[in-house]
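Presented sequentially are two complexes of chain A, the first with chain B as partner and the second with chain C.
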Partner chain A sequence: MDFITLGGDLLGVIPLGDIVLYLTPFNLFLFAVLLGFTVLIAFSKPETQVEAAKFNTLGNSEVKVGEKEFRQRRFLSIICGIASAGAMITGDLFNFTLFMALVGILNIGIVSAVKQTSVLNSAFNYGLIAMMCSLPLFGGAAIILAATGTLSLEILSSMPANPMVVFGAVLMLIGILGESGVAPFFASKAEMFRTPGSPFIVIIHLSSLFIIVRAVEILLLVLW
Partner chain B sequence: MNLMAEILIQVVIAFLAGSLLLGLHRKIMARVQRRPGPPIIQYLLHSLKFFFKETSIPKTVSKPFYIGIVFILALIWIVGVIVGPVAHDSLLILFGVYAVYKIVEHNSGSSSGSPYGKLSCVRAVLSAATELPLFASIVFVYLVTGSMNIGEIIAYQSVHGSLVYTIPFAALMFFMLIITKSPYSPFAITKDKALISGFETEHFGLLRGFMHFSESIAWYVMLWVFLTIFFGPLNAVGYLIGMIVITFITGFINATTPILSPNHSVMTQITIGAFCFFATILMIFI
Partner chain C sequence: MRIGVLWNKLADPKNIPRLFAFSLGIILIAGLIVPMALNPDQLYVKPFSQVQVDKGLPLAPYDRDGDPLVQPGNILPQFPDNVKSLGMVTGYMSPLAQFVSSVSPYFGTSIYSSPGGLIDEILYYTRGFDTILESSILMMSFIIASWLSINYTMNRRNDENEIKKDVKKAVNGSINLANEVKVNDAKARSKQLRRDN
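For the complex of A and B:
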């Protein structure tokens, strides 16, 4: 299967040496949305999170993000947005896995400065799964390279899938599910979203979902 | 016809038809529960009314996201209309549109600073389990037809017959998504009344008007995609009847089913999704 069948007309190609970027309406849509959100993150300040009333009083407790923590989390969120945007248009399987691993690390980094035990526990659990899943993620890509001799998605899309490629793709799928923390691993990640800092946690969710959407295209390119 | 004019007409049709269908949905639910219910046009009137109401912004919000996310929501469903009814383009783009919709649910809740919005935001992450059946059903459509292009899928069905007969369980998986996104659904954990209005709680006036506008278009686009890829090719009357029938079915289900707890909701969706997934594999490959 080729880019055009999956993502619509090929609007352009940007060759950067070995790294070739493919621009179809599908890839451009994902890329533009991610960049749009990244720009919004760069200009946003976090909300003040109002918690339920304090015990024995009528007052609410307010949780704010400190200035130093804000700067650190904003920086990591912007890098995460750019890495995810890169994953949307790359035409190289290894680049995709690299962006994926980077997004996983940044997702943990974004909440690592938060001083809430439940959030840190969740980030720790997610980190364990992400680390374990980096093995099938990179292993799958390596097996596909060994079986076909290329990591270019354009060439892979024109080659018939042999059993080793199918095995590599299944490994990659397991790696992607774990690294992005979606079902069945979402339970490890959900608590991370309780922390204040709406502009930062949105990129965690956005990067995970969009990586999955792009992974569908990549797996279909490799397998069919 | 001029492309811009066609887009404009289709967006207006999507808004009006979606609003009236959501109004019909409320009416059906009310009649099943032996209440008179509001007039069918009420949802449309509510949507229009909000555009003229005063807009207030809570002092706790993260302003760029709190305001921006509402316009992003409207924009992505307009993209949904362009990709679907106007251009008959790739299903994958519509999947991307749906993914952004999930993000909007998430962020409009968290950006307000409200505890209700925050809980709705966490539940939006949990309810991401609905994406996997959607995703699987799109892949099955692709496996059978050999294309992600909606125009080509319609052409395939005009030769080989509707896909609902070939892969009924994939259609059921997609239908699960429609039930999930219908108002007062047993799976609508992000809008549970225990959370007031969930992620919409802190959006007022013009901003709420845009949310209603987007939800009307979203309902129309989801029904259109479902009918097109599983019951196509259809004419305008076929679409109208199909949309009314689906609205009636979801209204009946929602009127008679209590909302599930988040864990039960996710597990039910995953169980039904897994059953349909393996059943479709068996039907395709055996």
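For the complex of A and C:
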């Protein structure tokens, strides 16, 4: 499939040597929304949660995010927002997988300073998945590169798919599924953001949502 | 197995990496039967295998010719408008690398002492894939190490609160046990009484 059917008119390309960015209304919209959300995050304060009372004490206990942790989390979530915005607009298969891996690492980083052990435990399990994901993500991109000789989506979209490309795309797909925590692999990622500090935690969810949308477009470009 | 049981198992974060590894393994095994062929239309023109080795070139199989900043190496750019600035440093080797390649015929199969040509070549072939892979694995190993330290290394056994909790648990447990024994005793007695009457 070409850009016109998927993303609307081709507004232009930004050639950066081997890496050619292309601009369509679809990509630009996703990019702008993510950047807007990142700016919102940069100026917001984290929410606090109220935990139910423990046994033998009356009253609820507040769970707050400390100043240091808040700063660290804000920094990481801004980087995460920028990385996923980059994944929205990139025109290079490898750069997409790179941004994707970066988003996965940052997601763990955002919750790494949380004090709830259950959250840390699921972050560890997610980390295991993210480590395994680097194989299918980069391996898939590498197999597509070996099969077609290019990573540029512009050229890939006009190339016919052969079984090797399909295999590369399937590998990439499972990498994306694991990294963004979709359907059967949701549990560890869903447990990860059961912790206070909402706007920063929500970027974990938002980045994977957007990346899934973009991944569908990229897989369609590669396969058809 | 009922499907509800299965969903409950999927909701446990502990099972997710195993499931993921299993499905990834299945896809990789399926990949064994996929026909693989390298596209000849690549950034670097790949010579037929063993040709350079048979010629006895020390840089085999990575020899690209070319003289640094004088004559470009043997490359095939993806975007032809970049052709003027590409391949000029493909043949570059550090003095140490030149020395090793003049001594050993197997220089091309190792990447030591070569900051220029060969590493550049490998990085270009993989587009930096290998470095990303390494650094992400390093990152994950740090995560695993920190998880281990939180869960095992931190000195919990001598923590006063932890001890108090454990004592409380043990006391509660023994009280429960005693209660249970009492109740069972009473039951047995009443049974015996009923039988006797």
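Here is the rule we go by: the second predicted complex is superposed on the first by the 218 of 224 C-alpha atoms of A that agree within 3 Å, B and C clash if a C-alpha of one lies under 4 Å from a C-alpha of the other, contacts with A are read in each partner's own complex, and residues count from 1 in each chain.
FYI, contacts are C-beta pairs under 8 Å (C-beta built on N, C-alpha and C of every residue); 3 or more make two chains touch, one makes a residue touch a chain.
None of the values given here were measured: they were computed from a predicted structure.
Of the two partner chains placed by superposition, only chain C is touched by A:G178; chain B is not. In the superposition on chain A, A:L40 contacts chain B only, with no contact to chain C. Once the two complexes are laid over each other on the shared chain, residue contacts for A:N125 go to chain C alone; chain B is not touched. In the superposed model, A:T150 makes contact with chain C only, not with chain B.
Looking at the shared chain after the overlay, A:P199 reaches chain B, while chain C stays out of its contact range. Across the two superposed structures, the residue set of chain A contacted by chain B and also by chain C is 184, 186-187, 191. Chain B meets chain A in the complex at residues 59-66, 68, 72, 76, 79, 83, 89-90, 92-93, 95-97, 99-100, 102-103, 106-107, 110-115, 118, 121-122, 124-126, 128-129, 131-132, 135, 138-139, 142, 146-149, 270. Chain C meets chain A in the complex at residues 10-17, 19-21, 23-24, 27-28, 30-31, 34-43, 78-79, 82, 126-129, 132-133, 136-137, 139-140, 143-144, 146-147, 150-151. Note for the complex: chain A touches chain C at residues 15, 17-18, 20, 94, 98, 101, 105, 108, 112, 117, 120-132, 134-136, 138, 141-143, 145-152, 155, 163-164, 166-167, 170-171, 174, 178, 184-188, 191. Residues of chain A that touch chain B in their complex: 5-8, 24-26, 29-30, 33, 36-37, 40, 43-52, 62, 182-184, 186-187, 189-191, 193-194, 196, 198-199, 201-202, 205-206, 209-210, 212-213, 216-217, 220.
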